[in-house]
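There are two complexes below, and they share chain A, which is joined by chain B in the first and by chain C in the second.
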Partner chain A sequence: MVSKTEEDQLIRLENQVENGGGGAWEYLCLVRKLKLRLSDKVFKYGFALLSDPKKRSALGPEEWTLYEQVAIAAMDCQHLDVAKEYIKVLQGKFRESKRVGRLEAILLEAKGRWAEAEKAYSSLLEDNQFDQVIHKRRVAMAKAQGNLSGAIEWLNKYLEIFMADHDAWRELAEIYVSLQMYKQAAFCYEELLLSHPTIPLYHLSYADVLYTLGGVENLHAAKKYYAATIDLTGGKNNRALFGICLCASALAQLTRGRNKDDKENSELQSLSAEALEKAYKQQSPTNVSVLSSALRSLKVSS
Partner chain B sequence: MGGESRYEIHQSAYIKLVLHALKHRTSAVNAVLLGRSAAAGVEIVDSVPLFHSQIGLLPPLEIALIMIEEYYGEKGLSIVGYFHANERYDDFELGGVAKNIGDHITRYFPQAALLLLDNKKLESLQKGKDRSPVVQLYNKDASSSWKLVGSDASSQLALKEPSANVVLLDYISSEKWKDIEDFDDHLDDISKDWLNSKLFN
Partner chain C sequence: MGLGYAVGVVGFLILAHAAYSTIQYRSLLKITEEEFTGPPITVVVELIAGLFFCLWAALTVPGKFLSILPQSDENRVVALPSNLDFMIFNHRGKVFPMGIDMKQM
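Entry: the complex of A and B
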């Protein structure tokens, strides 16, 4: 998850480099720090840096980290020759290195030589069974071959050992959602909420899954989590505001005749609708009338 | 019902679909198709790129559909189809989510078209002079299941402007996909224009 300031910084550096103003190294460091997947840019800038002997020697010992970063980016963009070349350079410098061995295995993956890659990973794991990167590569390989149930199995095994890896929980949740296994996705978000109760994204995603599951109980719960998201984001999260409106509308349809919650329901819905209209007036004026009609149609059902 | 329709898709609608998929190469993406029934079949006039993450979740989809119907309803257009691009290059399967959304659209527009991006066709676009769209067309058949329409079937999808692929290739080489905004982007930042009204100006 990237913050707005970090995103702006990234864009600023990108523009700077594109316009010949330098800053490629800062950009590459930031991408590495934020663990973003921007392989075409990383490859473009990194390759240019490493191909220039003066710039390369100016990097000092960081040169090797850059070789690794650009090799991976190269593989992601299918520039396999460059990747192979860089891995060779690293092999020359770090003989017998497991880290370089990992890169060789990833190259096999990039070439689609799944069985060989799997063998390489297994043997690397024999020496270090707690190498998180390799465990995750196995999941990625299963996913790449379209074996989603295999990916789920590997990921679940991984999470039994590394249960604090929240990115892995999110990845698992997303795979479940893509397969419409919403109960299982909900379980992943519950785990995330237990360990990170103040991250609005998890409340929001959990609410979305609950709404998708449907039914009165889930809708009530979804409303609570949308409300929590709004609370944690100072009312600025439009997805959560919309979520409240959707929940209120769906609940009103399902509980027609049982009027207990109606007052609280419609109050919350009105407040959210108001907040949305205010936000749209300020930031998206061309959409104001479409929004108003949309919100009206959601209220009609109550 | 769905079996014998002909579809014609306008250039701008078509190009938006492909550019959106290219912007988010590492994930599945989807879009809705807007249009109307015409004498010769269905005219697909416009498209709205929807999401590039967590496509199987209902709330963002419901909001998008409500807003899209409100906007286009005033222009006399309705949702006439759905576009989906799978996450993986070699995945030609029509997944559960795509089918469910297609089913929902078909309830309101029985001849709805379901389009699946054909990555292999897209890749070979550079080499050939193919004038057919780089998508597979699915229709709901009499038994209510989604069936792939072959190019010799009476159901066909044609590009309205014959040079649409040439224009598409041009946009691809100028990396035009960077300017595309979808509903996901809009929900994250409502100042982003999901209508992409300035895209082709």
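Entry: the complex of A and C
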């Protein structure tokens, strides 16, 4: 989870390296620790670091992790020859290594040779049947080939064995949402919320899915989860504030004509509208008029 | 931080001196066979002074306190890590032109 201080640190280091101030190694370490996918930057700075033999020897034993990180970034940027070169270097140092074998199979995947990659993964799995990363790569391969239902099948089988892997649950939820199977996606997000109840972004995604499903109970629940997100982020999450306004107006539309017990409903909506206007004034004052007209139309239609 | 350490040491010495004075006072009372109701006023003042010195040192020496609330402005979660285990390479980035650093090769 990337906190605000870590994000600020990342941006500061990025600006520093971009303007030639050194610190590329700290930047790459931070990206690796936060598990971010910034492949073009990682490739640019990592390639520069590794091509310079002086800087490379200054790294010591850490250069092999850097080789792995830059190889994956190179594959993401489609510089497959560079990736192949680095993998050969790693193979020369670590013969018969599972990790390097996995990298080779990922390279085959990046080249688009699905059948060979599948064979490589199966042979790697024969040695170690419970290798989590290889199972996940198989799911990714099915996803890359466009076979989303196959990916769901593999992922379900994986989750039967490794039920605590929250990344996999998140991936499954995202695949379900892309296929518009919202009830199943809601189930996956519930699993995520059970295991990590303090991460506000999971509450936000769950509230989004509930809002999409619609219906009075789902909208009430969605409003509660948006409120939880606002609580956990100290009110700085604009999407959750918008969510509350939309939920309140949708609820008002659905329950039009029933008895009006929506005092806290409208109070919550006006509070979040206020908070949104304050945030917009601070961050993008040119859009404040657009925001006010949008909020007004929400209230009018309710 | 040197000042904090020095103040802490001074506070500790003051407390130790107060303890020694109290023990001396008690032995004096034993000689004169009186009841020990409490340390004399000077020792109490010394104790309070020592307390404040030690408190100040304990708060300044460790350095800046980190915030513990998960919703404070520094600690709030801004983004989730991108799921690198499920990363696919079959994306639109394939058709973008090669980066400029190929000139270095």
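One rule holds for everything that comes next: the second predicted complex is superposed on the first by the 300 of 302 C-alpha atoms of A that agree within 3 Å, B and C clash if a C-alpha of one lies under 4 Å from a C-alpha of the other, contacts with A are read in each partner's own complex, and residues count from 1 in each chain.
As a working rule, a residue touches a chain if its C-beta (ideal position, glycine included) is under 8 Å from a C-beta of that chain, and two chains touch if they have at least 3 such contacts.
Bear in mind the structure is a predicted one, so any value in this text is a computation, not a measurement.
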Touched partner set for A:110, first chain B, second chain C, both or neither: second
Touching partner for A:29 - first (chain B), second (chain C), both, neither: neither
Touching partner for A:51 - first (chain B), second (chain C), both, neither: second
Partner chain in contact with A:144 - chain B first, chain C second, else both or neither: both
First (chain B), second (chain C), both or neither touched by A:7: second
First, second, both or neither for A:201, with chain B first and chain C second: second
Contacts of A:37 with chain B and chain C, given as first, second, both or neither: both
First, second, both or neither for A:291, with chain B first and chain C second: first
Chain C versus chain B, contacts on chain A by residue: C
Contacts of A:233 with chain B and chain C, given as first, second, both or neither: second
Chain B and chain C footprints on chain A, overlapping residues: 37, 144
Residue ranges of chain C touching chain A (in the complex, touch as defined): 69-90, 93-94, 96, 98-99, 101-102, 104-105
Chain C-touching residues of chain A, taken from the complex the two chains share: 1-5, 7, 34-37, 40, 43-44, 47-48, 51, 72, 75-79, 82, 109-110, 112, 132-133, 136-137, 139-141, 143-145, 167, 170-171, 198-201, 231-234, 236
Chain A to chain B touching residues, read off their complex: 37, 144, 146, 174, 177-180, 182, 205, 207-209, 211-212, 238-239, 242-243, 246, 279-280, 283-284, 286-287, 290-291, 293-294, 297-298
Residues of chain B touching chain A in the complex: 26, 28, 53-60, 62-63, 66-67, 70-71, 87-88, 90-91, 95-97, 100, 186-191, 193
